[in-house]
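What follows is a structure written as structure tokens; I'll ask about it next.
Labels run A, B, C, D and E following the written order; every chain starts at residue 1.
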Amino acid sequence: MVGPFLALIGRDLRLAFRGGIGSLVSVVFFVIASALFPLGVGPELTLLERIAPGVLWVCALLAAMLSLDRMFHDDHEDGSLEQIALGALPLELVALAKAIAHWLTTGLPLVLAAPVLAVLLNLSTEGFVVLIVSLLIGSPILSLIGSVGAALTVGLRRGGVLLSLLVLPLYVPVLIFGVGAVEAAIHGLGERSHLLILGGGLVGALVLAPFAAAAALRLALE
Amino acid sequence: MNHESLARFEAEDLTCVRGGRRVFTGLSLSLGSGGALLLHGPNGTGKSSLLRILAGLLRPAGGRLLWNGTAVRDDPESHRARLHYVGHLDSLKPLMTPAETLTFFAATRAKPANAAAALAAFDLADLADLPGRYLSAGQKRRTALSRLIASPAPLWLLDEPTVTLDVESTAQLERLMAAHRAEGGMVIVATHTGIALEGAERLDLRAFQVGRRATPDSPGQVAATPDFEDETW
Amino acid sequence: MAVRANDSGKPAKPEKKRGRTWHALANPARFLRLARAVFPWAAGVAAVCIIAGVVLGLFVVPPDYQQGDAYRIIFVHVPAASLAMIIYAIMALSGAAALIWRHPLADLIGKASAPVGAAFTFINLLTGSLWGQPMWGTWWVWDARLTSMLILFFLYLGYIALHAAFDDPTKGARSSAILALVGAVNLPIIKFSVDWWNTLHQPATISKLDAPSIDSSMIAPLILMFVGFIAYYLLMLTLRIRSEIIARRIRNLRLAQAAR
Amino acid sequence: MVGPFLALIGRDLRLAFRGGIGSLVSVVFFVIASALFPLGVGPELTLLERIAPGVLWVCALLAAMLSLDRMFHDDHEDGSLEQIALGALPLELVALAKAIAHWLTTGLPLVLAAPVLAVLLNLSTEGFVVLIVSLLIGSPILSLIGSVGAALTVGLRRGGVLLSLLVLPLYVPVLIFGVGAVEAAIHGLGERSHLLILGGGLVGALVLAPFAAAAALRLALE
Amino acid sequence: MNHESLARFEAEDLTCVRGGRRVFTGLSLSLGSGGALLLHGPNGTGKSSLLRILAGLLRPAGGRLLWNGTAVRDDPESHRARLHYVGHLDSLKPLMTPAETLTFFAATRAKPANAAAALAAFDLADLADLPGRYLSAGQKRRTALSRLIASPAPLWLLDEPTVTLDVESTAQLERLMAAHRAEGGMVIVATHTGIALEGAERLDLRAFQVGRRATPDSPGQVAATPDFEDETW
């Protein structure tokens, strides 16, 4: 089981690296979208400081979401997915491997880019570390929930935008607790409980999402 | 012989429903080691659907598959491990080379790959390290077919394998199928154009159709068309 | 002979499974007969209850000492909210049934319910914000209850859109069943998290929503409207399932034509 | 020329209508993304009022952008694009027709949905009309610029995200003047000059974008 | 005769470069009214590429096309109007019917469509008003081919047109090609499987290869392989 699982993650990473800039694009979206807000809202530092945690989290969420549709799409289109399904790995683990690869190629870069943007948006120093920690715990949840949405829409024309519609409502709790942690830290209210809930969400998503995604993939392969 | 010499693969009374419509029903087949079966019939009669059912990708609406008498449904993992399915899609990434592709798919089957030999069998040795995007339609097809050789499995399910193949590659595929059968393997092929498969049984999917359309000169068939009345949801 | 057709290629009728209650409805013809029987009852109850509720609510019940007549919108607002949530629960349950037993009726219940539930959610949102303008001086606040209702509305839209995106109705039904289940897991989380989020920032708004203990004369129209809405839902459910069955037959005839 | 031009727009509209809810999804994205901001930023009405013009414009822009990738994608995938290219219409006019159809099916619905969202975000009444006018002038620019990006990425895997990267920087001026107009109206500073500049941008995009898009399409067809 | 009876279509010294690699070079051909040309050769020799060049979709790296002696490059619009290209893709939307599709494509050519007759020619009259998503692979292919009839054009460029067609449809296509040529039209077809085209010239693309691979028994060809040295950037 471990061999095929790692082979799948390894292949996805290799494809992402070969994709060149193409695979960095979700980070770039994150940066550009976050940078649009000072342009849209105006440059007042206090205002920016106030909305920074929310804007950063929303943009990270949108960036993670935008790259979801490629999670299964290519593999479905060119028939790799059915070959993988005929392999030794149960579809549940296939979905999990895909979600992990997605997180490694999009979620992790987002976490790494966040500090720079936090400076850009004048996030107060109290929130800095917590922002990164909350992204680190929250973004894998986004990839996992996203894997369900991606699997549900994989064979569809116009899947990409439909995917947003399916996944965004499910992302709301992650957003609320993620932002909540940062704001709590800024106001000195103690971010621990928010982060613990996020952690619980991560465990729940790790356990449940692969099953839902596998059920959806099974349908897509019929 | 490489493969189980006494293996027998059977399908009993299969019914296929796609998009809410019964495509075929009451289809049974049986194949022993070294056997071959040619599926034919006009467009839309369910050749591809049958192959997907036999591969376990599509769940039949009725009937079951047996391998040596035990139901495949009870142990789908082993069934997957003993078959190769080559459908219409070539499973080749534009950014991956044929050699990498074969190695990867063998790894997903938890088997060692014999990529070099497999590519050589389809005369692809020189293209082994070329990214997939540089390959022509027929070269991609040959890469897909070389999976058959890269990690051996007794049952081959091939859906129109010769499409876009040139004459020499078609002949090579025919030789490889013969060799596979000589080793005790089984081959099931769907094709419109015909392919040399000595001693193969032929299965015409028309025989199992449900809703055949009434043609002006056979109005009697009209009655056969809508069997929806009491069963379509 | 290794390959054999059954007699003359004619389809064998699958044996009807009897005995299990679930399968009593397993036959569309029988379901349609049942639907025809339910139809007048549901229509009658819906009409009577809703008309009675409206008459009671608008003309009989005395105006509120604080809110005047504006509060009468509650007789639509609250039952609509209940139906919105009940229908989503039904969709999730029928989704589970569809995935476990693969019964077509469960598929159809989900598809037929979704637009009705979305409509009730919308009515709740609409009446709420119509009410909010005189009461709070604004159409919308980002209060916990309002927000989770808005998200429920999005979940409904996603369900409908996903269902519609599939050409193959059974695939659409199974996929949206998965979505309904995932959404059902998420729904309490949303409600909880939104509550929590809101109290952190703005604890004051909620108290406006907490109803003062309701006058007993207001209970009757509320219950009438609630029963009326339920009957209306049943009515729409049977109607929509029936039209879906017919639509599928038409679709299958076209497919049969294409398949020749 | 007129016949094929209208035939193309007509077909795209018909396909969009037949697509059912699927074709409304960019509006739905607009609504959901706008609704995420209050969740991220917090529900205080005065703060929301302050950032409403920026948030609405940024979300409209992202919604328009997300639907871009389907502008040429389906037609390229199924071979319709090469047949259209072999028709009587020069590719410049093909690109223009496609941009117009895109605007009619996504930009216009965004404009129509904007008032509802303005209420949700507590936009002050002074900004209301100007928001709609600025979207009405600005959103066609988004479709036109977008047609260039969509044409550049049409044959590419992962075109969708790359597209964002190409197009977002070009969208920035539209965003700045669009938000500028609304804010000017709110603060009673006179929105006319902003709207005039937007109008100038629209004329410029109408003239230039089809040529760039046609050149890109020619490459994609090779 | 419908088409210009003295038309002549020529290609002079074409070179095709794809993905930075020269696929063929020095390819010339010439075809008069009523003429037919069969392109063949193994996978990857450039049949599809040649057809796209002839259609004006792909720009040749060298050489030119002539119609009645005048360069096509000078007037690409008229060239497009006088040809039909049917490639691997069927250009059929899942949400549009065959009749609508034909009418639309005729409209993009600014020509009236004869959709009903065209569909009837490929036995699709019954399916004219069915959304494309309900059609099987072969039926989609036939819809694509019926464009040839819906709005007439003298030059037909067909890339493996018989793929997925059943036997009867293939025969019908052969009849239609013969009728087209009898009316003065021209036909250029790429195929692996062979198709009945009486008196057609055959063009084997192997003759124009640049980087022919050295085979063990013809080591002399190795020298021909890397012509990159002075031309590849």
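Operating definition for what follows: contacts are C-beta pairs under 8 Å (C-beta built on N, C-alpha and C of every residue); 3 or more make two chains touch, one makes a residue touch a chain.
Just so it is clear, the model here is predicted, and its values are computed rather than measured.
A.B. asks: Which chains, if any, touch chain A and chain D both?
C.D. replies: C
A.B. asks: Please give the pair of chains with the highest number of C-beta contact pairs.
C.D. replies: Ranked by C-beta contact count, first place goes to A-D.
A.B. asks: How many angstrom lie between the CA centroids of chain A and chain E, rounded to a whole number?
C.D. replies: So the centroids are 46 Å from each other.
A.B. asks: Can you check how far apart chain D and chain E are, centre to centre, with Cα atoms defining each centre and the answer in Å?
C.D. replies: Once rounded, the distance between the two centres reads 37 Å.
A.B. asks: So which bits of chain A are touching at least two other chains?
C.D. replies: Only 19, 74, 157-158, 162, 165, 168-169, 172, 176, 183, 222 qualify.
A.B. asks: Specify, in ascending order, the residues of chain E that touch 2 or more different other chains.
C.D. replies: 88, 94, 136, 139
A.B. asks: Which positions in chain C are in touch with at least two other chains?
C.D. replies: Residues 154, 157, 161, 165, 167, 197, 255, 257-260.
A.B. asks: Taking all chains into account, which pairs touch?
C.D. replies: Those chain pairs satisfying the definition are A-B, A-C, A-D, B-C, B-E, C-D, C-E, D-E.
A.B. asks: Write out the stretch or stretches of chain C touching chain A in their complex.
C.D. replies: For this pair, the touching residues of chain C are 99, 151, 154-155, 157-158, 161-162, 165-166, 171, 174-175, 178-179, 181-183, 185-186, 189-190, 193-194, 196-197, 200.
A.B. asks: Okay, in this complex, where on chain E does chain D touch?
C.D. replies: 52, 55-59, 77, 80-81, 83, 85, 87-93, 95-96, 104-105, 107-110, 144, 147
A.B. asks: Which part of chain C faces chain D closely enough to touch in the complex?
C.D. replies: 129, 138-143, 147, 150, 154, 157, 160-161, 164-165, 197-198, 201-202, 205
A.B. asks: Would you pull the chain B residues touching chain E in the complex into a rising list?
C.D. replies: Residues of chain B touching chain E: 42-44, 126, 133-139, 141-142, 163-169, 192-193.
A.B. asks: In the complex formed with chain A, which residues of chain D make contact?
C.D. replies: 19, 22-23, 25-26, 28-29, 32-33, 36-37, 39-42, 47, 50-51, 53-55, 57-58, 61-62, 66-67, 69-70, 74, 156-158, 160-162, 164-165, 168-169, 172, 175-176, 179, 183
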